[in-house]
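One structure is given below, encoded as structure tokens.
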Amino acid sequence: MRVEQWSFSLGAKPRGFHLVTDEIARKIGDFRGITTGICHIIIQHTSAGLTLNESADPDVRTDFAQIFDRLVPENEPYYVHTLEGSDDMPAHVKSSLVGASVTVPITGGRLNLGTWQGVYLCEHRNRGGSRRIVATAIGE
Amino acid sequence: MRVEQWSFSLGAKPRGFHLVTDEIARKIGDFRGITTGICHIIIQHTSAGLTLNESADPDVRTDFAQIFDRLVPENEPYYVHTLEGSDDMPAHVKSSLVGASVTVPITGGRLNLGTWQGVYLCEHRNRGGSRRIVATAIGE
Amino acid sequence: MRVEQWSFSLGAKPRGFHLVTDEIARKIGDFRGITTGICHIIIQHTSAGLTLNESADPDVRTDFAQIFDRLVPENEPYYVHTLEGSDDMPAHVKSSLVGASVTVPITGGRLNLGTWQGVYLCEHRNRGGSRRIVATAIGE
């Protein structure tokens, strides 16, 4: 049994939902030899998130953005946390709705996702910049 | 320290929220001897999810379905991902709102859930069919 | 490689979102010597939750409460699970929206959160009382 850990950044993305499975897999490589276990991946920010969803049709990610913008609208008159811009407070709530981390099984030395499953970087700020990730693999 | 992994399917369920704690526990059995650790359980699909919630009163699951159908309605005019049916795009978003996986502590060789806590399979498609699960236990 | 586990309660909080990073860190202490790995923290209840979000400005937590109360309103005429009070059914759904657990990397013997990231106890009941937590650290 071993634990391995990686810290890296993902390149800046526009506001929206972005498929980053391959970008993350390249950073992690071969899990330094771990073949069976789990991989925990977390984004160290509170106005972006990570989630698992459909990797094939980019239209899904377009609709995600529209739906989340309606679930947590900007400029509600009752917001008190407004100094960082109209996109900031909704970004915090959207981050907690999807969550800051995903955990994926490792099987045969690879992320064991479903056929249509990929990792989304959920960028909720208009200009979020690059985002820091910590990945931790545990297994044997 | 050891890691153990299981891959199995859960039987097809109608659209809605379903208590599957016992169905999953039967598949995993005695954790192959792991008594203290964590168990990560993931659904390998993007139009269904897993969450922990109240295991006693089935009325809670009825209301869950109603509330989620209102949070992410079908047939919004701005949806572009519509080819797979009116239930499909809302199913993807509902999946990310609850998440694809749960992680539960293992204590004394059993899932250490709260008294009223159970695992829900959140089936967001009208006809989702059987659903694939991967469970990974890590501990000693 | 080792696994360590803690079971403890967090003091009763009023309905709302509460920063409990330090309260949890004091209970766990030095991870009993684990310096690299993950820490899984779960709340053993179904009307409260845990999430990671911004630790600096308390206004964020005020807005969280307002937004969640609008996302899942009380007293909807179609609710059938109503016997435990008007705050109960919304509390169950809010719990699944944020989730019952968070997993955080351990690096250098500490929770490796982002600069502005903290753990929120999301108390969705008017009088939730003290809340039971199980924390499990795995690593070396």
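Going by the order they are written in, the chains are A, B and C; count residues from 1 in each one.
Here is the rule we use: a residue touches a chain if its C-beta (ideal position, glycine included) is under 8 Å from a C-beta of that chain, and two chains touch if they have at least 3 such contacts.
In this text the structure is predicted, and so the values were computed from the model without any measurement.
Asker: Between 0 and 180 degrees, and as a multiple of 5, what angle does the rotation take that fits chain A onto chain B by Cα atoms?
Answerer: Rotating chain A by 120 degrees superposes it on chain B.
Asker: Suppose you list every residue number at the chain B-chain C interface; are over half of them used by both chains (same) or under half (different)?
Answerer: Chain B and chain C contact each other through largely non-matching residue numbers.
Asker: Could you state the distance in Å from the CA-based centre of chain B to that of chain C?
Answerer: Using C-alpha averages as centres, the distance is 20 Å.
Asker: Taking each residue of chain A in turn, which ones touch at least two of the other chains?
Answerer: 1, 71, 97, 99, 103, 138
Asker: Where on chain A does chain B make contact in their complex?
Answerer: Residue positions touching the partner: 1, 36-38, 51-54, 57, 59-60, 62-64, 66-68, 71, 97-99, 102-105, 107, 112-117, 120, 138-140.
Asker: Per the contact definition, I'd like the list of chain C residues that touch chain B in the complex.
Answerer: Touching chain B: residues 1-3, 5, 7, 40, 42-47, 71-72, 76, 78-81, 89, 92-93, 95-97, 99-101, 103, 132, 134, 136, 138 of chain C.
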